[in-house]
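Read through the structure below, which is laid out as structure tokens, and then see the notes.
Chain nomenclature is as follows: A, B, C and D, assigned in order of appearance, with residue numbering initiated at 1 for each chain independently.
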Amino acid sequence: MSENKSQTGFAVKAKRFFSGIGLILLILIALFVIFSVTSDSFMTSSGMYNLARATAINGICALGMTCAIIVGGIDLSIGSVAGLSSVIIAYMTSTQFWETPILASEMWWIAALIAIVMGAANGLLIGWLVNDGNLPPFIASVGMQIVLRSATQLLCRASNLSHISQAYKDFFSKDSDIFGIPLMAIVWVVIIVITYIILRHTRFGRNIYAVGSNAETARLNGISLRRTRCGTWMYSGILAAIAGILLGARIGSGSPTAGKGFETDAIAASVIGGASMSGGEGSVLGTVIGSIIIQTIRNGGNALAWNSFLLEIIVGVLIIACVLLDTINKKNS
Amino acid sequence: EESASASASASEPAGSDNQGGSDAELPLDVVVQVKATESDFWQYMIVGAEQYAKDYPDRVKVTIQGPTKELDYDKAVSLLEQVVANKPDAIVLASSSSDATVPAVEDAMDQGIPVVLADNMLNTEKYTAFLATDNIAGGALAADALVEGMEAKGKTSGKVLVVSSSAGSLVMEARIKGFTEQMKNKYTQYEMYPEILYCENDVAKALDVCAQTFSANKDIVGVFGGNNMSGNGASRYIAQEKLADEVTCVCYDSDPEEIKNLRNGDLYAMIIQDPAGFGYKGVDMAYKVVAEGYDVEANFPDKYIDTGCTKITAENIDAPELQALIDPTLLKDGKATREWPTYF
Amino acid sequence: MGIESNPIIRLNNIVKEFPGVRALKGVTFDVRPGEIHALVGENGAGKSTLIKCMMGVHEPTSGEIYLNGVQQRVKDPQQARELGLGAVYQDVNLAQSLTVGENFFIGNLPKTKWGTVNWKYIYKEAQKTLDELKINVDAKDTVRHLTIGQQEMVCIARTVHEKAKVIIFDEPTALLANEEVGILFDLIHRIKDMGVGIIYISHRLEEIFQICDRVTVLKDGAYVETLNVKDTNQDDLVKLMVGRDLTNMYDIEHFPKGECALKVENLTSKGVFENISFEAYKGQILGMFGLVGAGRTEICKAIFGADKFDSGKVFINGKEEHIKNPRSAMKKGVALLPEDRKKEGLCLGLSVDFNTNMASYDLISKCCWINLKKEHERTRHYIKEMETKTPSIKQLCKNLSGGNQQKVVIGKWLCRDADVMIFDEPTVGVDVGAKAEIYKLIEQLTRQGKCIILISSYLPEIMGLADEMMVISEGKLMGTLDRSEFMKDGKLDEERALRLASGISE
Amino acid sequence: MSEEKSKTTGKSLTSKLFSGVGPILLILIALFVVFSVIRGDVFLSGDNIQDLLLSTAVNGITALGMTCCIICGGVDLAAGSTIGMAAMVVSYFTSGQIAEGGLVPVFVAMLIAVVVGALIGFINGILINDGGLPPFIATIGMQIIIRQSINLIFEARIIAQLPTEFTDIALNTVFGIPVMAFVWFVLAIITWLMIKFTPFGRNIFAVGSNAETARLSGISLRATRCGAWMYSGVMSAIAGILLCARLGNGIPSTGSENYEFMAIASSVVGGASMSGGEGSVIGTFIGAIILQTIRNGGIIIGMNAHLLEMIVGAIIIIAVLFDKNSGSN
């Protein structure tokens, strides 16, 4: 009897855990099966290693985006934040403009901290514009996207910054791993866990849901809209900056166009993962699966040398199809 | 500037050579990764690579890879890492970033997969060979052509404008550097307009920025378009406003609009590279290295093969031997043939 | 009861100005522990605004608030909560995508010793309170899945749970049916006995006499008088509120039965309602009574083409019609005034003008060209007819008081000039004066030979007005009573209707 | 009542027309003053004004359709790729490169492109209405699909040899106004009339403000939504056709550089609300001119391109900030 009870308890828990992500989990599994059957390089350890590394950057951006979507907004500035973040490190450690760089090669982490502060500041500004300036999040973040992108171009004087900190590049290089898991993926996993805890188990996280679900209700219940919104966009900005730090190491130089278009992939991952554009809904697990699905399609498709345009079309169709199925699913239940 | 104008000379087809020592099975599995698939220029490189596979089906099997957008450095790296993981027999790579792909390329070289670079040099010593236009020389050649055109119109002073596609493109930087230095050192009678105009690879924007800059600066006598999109916009502006008698325009790379304007006299010259040659000769190099044990360093100490660039003006635009160079897609449709240069 | 103790909260000379509107013109008001103090007044008198000032939602333009004799500035709702003020607002205010339990603690989630949210505690506590109040809702359920009535109960339970010293109820019974009203009153009494001060706002005056101790009347934002309930009566109160006498509002003229305008045969939507058959006649008012969740709204929405149904036939003017969507229903001369004015009745962000005309632009346009002059004329006409209080026809509906919003919705449907008009809870949140106007309007419509279907959870209203009354329980038609059957010696026989509504057949 | 009546009739027609667009009109005037003071000789010259109008036209037209979608409670992020698709379609059907003398007459090719635009809009509308997708998602998905379809179908290559009768459209003028700008003006007036005087126009507001209310008021959600997105598709297609004529070639990347963001920015700067139910054609019109004026003037005074772009971003934020917060004081 008691055994039975605990079993059902577990079943309920499992059901809750997987509710909403069952479908995309199926899609992911299906993709894995298809690609491992058709391509002999996909399901290898190096294939998986690459997949994990390749997903990390978008994966991190997407988590920030998910938070912004849950709070009832969107953050279209993440690509620019990531770009600027990578350029800040490059700028401070490169010999492009000076004989001796501002920071010694090993001190790159100071630049990384500055980049994170920049991301947070940008988020704070967007949050403030949205909350106190009544700006639609779309406009506030598109505006900041343009401003930060231009600032990046100005900072690196429209050229590529080469010869950046070797220590930094090595830190995130392909060979740096822990227990065979690439460091980039570890950063991502840590952020997944942190974001999960924030959203599920902290007041701030629950306030994000409350504000996104119904801002007026939240306000009447004594939640500070300003703090919640600013905090959410700051978190998104910080994650974008961290993604930028990984991106900079990955492209090994400061490029004024780095990170362009990141927001589309991040939004795609979030909505495939079940985040609702009207706010108040979205899950970390869903977004993680969404990110992996997108990258799996790209990696698997490339492994089979599919037409690159066709691959992107599949991603587009998938965005629509997942949300469509989710809507139908909700209607029926 | 000798080297820059060197190019398409005739030779015997690189056909039935001796078989070198190699353990790889023929046809070789060669992956060609371009900077972006959604661009005419890189489609030309693809045409060249596929042409080689068509010419020598027993030698190579070519697979095309590439992100859709040139700015997707991140995707380009993922792609290349994956390509390397698949262990092809050789890789021909046009990389949009000089640093991003370095680890993956080094990885490939360490595993014994030769990597032939095209168009853009990487910040590493580990590569098999590098086929590219000398863009600094090409920029200088553009400056020479521009001055030639301006002088022909009797303009011996005035401002010269540069339109670039987008900030942060390495080859674009090199061209503009070559152009600007040549202008500043050799043709001091002209003044460089202080701001570079960017068009984000959008012809409409190129048109707009030209229109606005021209109306504010009536003394502009020359324009250099850094790639086909910027050149397309600039020359179209000149054609529209019927400024051909006043303004000379020279641009890098070809596209249909430029060809039309060149014929009409609205564009004075195009500096064209050999993207199909990157593809064709790149795959050829890969084959020779793997299958025939070709020693690059013995023949090219710095591993660099200049594929040259060609100045196209109204005089030589109709030369039959240049047609497939100007529009490599003619090769694909079988409307033209060309003799490939024998650098090696 | 009359406990002559010091007031817990006292509002002194509160003034509140909105751009262009002076909503409160110096209102003074207090609440003592263990008393129920009613706040009454016409629509737009400023009741909601007053309590929002108290709760820190709005900042008063001037005036002071004293809590236990100490002056306080209530900056925001959070602070109001800390000061022990709780409110159940006029519009249900819950985060729809969160669970019931979480809504209980929203903004102040309990933490574990790890600093994370204590889910176990949340659900246990919420469930405990819900059970205590006999509210049949699972704390782990998502609010979106609850009916409006259930959501309202959750709102109340939440406030009770917070153990506030002052609890404000802004028209809590507007969306509830008798059964739930009973539960609510029990609840309020229990809270009162705990020494909590209660502010009670309602347009149902008899409720005031049922449960309240004192009553304060507001008129056009100004303070009128505070009375002991036992020293006054309904008529006097109405006179204070409206400024004129309103004797029996329900005393409208009844007209002889005309032709059958609407006939419904075996209408079924599985799981919602079954085998509903009835006929409605021109010049008559057909009442539909039932408890919340009985399915009346769904039946009418199905007839109107807004919801799908599984089987059954609908005849309009004797002809069978296959109505696919509201538009085709309107073309056939059917109109439906929906129950939830904010979600279904109005475009809150748009003007009074727009909302009045939005359902009938086809009637005032030629070849796809709208006659703007007519548009304005009609709006002015209905504003005047129903005495809607609005500074201009361009005022946005979200800035109107609840009752005035309802009048705009009614105006919208009058513009349609339909033959069969279904009114779903038309007087929710409407003041007595306006209610009387609406009843007159209904009378006038029947005089013109229109067929009216009136849904109401408020028994006196439906019994007072209807020529015939259908009673629905759990999606089944329990019976149809003629006026003669529920009028006994000129008095209403409420018992029978209630018995039917509770599913006890005769 | 009579007081109010006299107030409304007392308002002049112009003040009615510009009611609500006051703040942004001020911004526009301020920009004009600044640029005129610095380089008035060039900035205010007839040539430059013509050029300003010409370069605004494409965004201006796209923004008209975008405004309808925004009022209807959504956005059309597929606008830029619809521009590209229309440009490629019209090129394909008229180019001498595909068939001698073009496959069909220019007029027919334009019609086909417009139909394609309408079809894209229709699909968007269906996905949003019947599929229940948030407009943002439906159209971002369509954006990716259309853009990559262009690359796939037309092999990512430029289509040249367009007939001069087509490309001349961009060069000609009507009453001294460039044809493109003229088309823009006409479409703006049509859109204004549609929004102001037709039931369809009103329905867009109703649906955007509260779809459930609109449905229960007998408004067909499907017709209204499909109509709004089709209108946007058609506007984008017309913009694409004109842009193609201006560029003289069918370029696959046409419309890919933030065209939809600029159209949205124009609408929102012009007072449209992203939550639906609010927006005006005149506001959008002025919004589009503001955004282009900064660029135009900035280049004329020789400003650094990146600094200029930064200012554009800031102006978008400031203009909306100004607009959203000026009403309440």
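We take it that contacts are C-beta pairs under 8 Å (C-beta built on N, C-alpha and C of every residue); 3 or more make two chains touch, one makes a residue touch a chain.
It should be emphasised that the depicted structure is a prediction, and the values quoted were computed from it without experimental measurement.
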item	value
Shortest contact path, chain C to chain D, counted in steps	1
Centroid-based (C-alpha) most distant chain relative to chain D	C
Leader among chain pairs (count of C-beta contacts)	A-D
Centroid distance [mean C-alpha coordinates] between chain D and chain A, Å	31
Inter-centroid spacing, chain C versus chain A (mean Cα positions, whole Å)	45
Distance between the centres, which are taken as Cα means, of chain D and chain B, whole angstrom	36
Distance from the mean Cα position of chain C to that of chain B, given in whole angstrom	73
Multi-partner residues of chain C (each touching 2 or more other chains)	none
Where chain B touches two or more other chains at once, by residue number	37-38, 68, 167, 196, 198
For chain A, residues contacting two or more additional chains	153, 158, 276, 309, 312
Listing of all chain pairs that touch each other, if any do	A-B, A-C, A-D, B-D, C-D
Sites on chain C touched by chain D in the complex	19, 304, 306, 325-327, 329-331, 336, 338, 343-350, 354, 357-359, 361-362, 365, 368-370, 372, 380, 384, 392-393, 412
Touch list for chain A against partner chain B, complex	41, 44, 46-47, 50, 53-54, 57, 153, 156, 158-160, 162-164, 169, 173-174, 247, 250-253, 255-258, 260-261, 295, 298-299, 302-303, 305, 308-309, 312
Interfacial residue positions of chain A with respect to chain D in the complex	74, 129, 133-136, 138-140, 142-147, 149-151, 153-154, 158, 264, 267-268, 271, 276-278, 307, 309-310, 312-313, 315-317, 319-320, 323-324, 327-328, 331
Chain B-touching residues of chain D, taken from the complex the two chains share	39, 42, 45, 47-48, 51, 54-55, 58, 97, 148, 151, 155-161, 170-171, 243, 246-249, 251-254, 256-257, 295-296, 299-306
Complex contacts: residues of chain D adjacent to chain A	75, 127, 131-134, 136-138, 140-145, 147-149, 151-152, 156, 261, 264-265, 268, 273-275, 304, 306-310, 312-314, 316-317, 320-321, 324-325
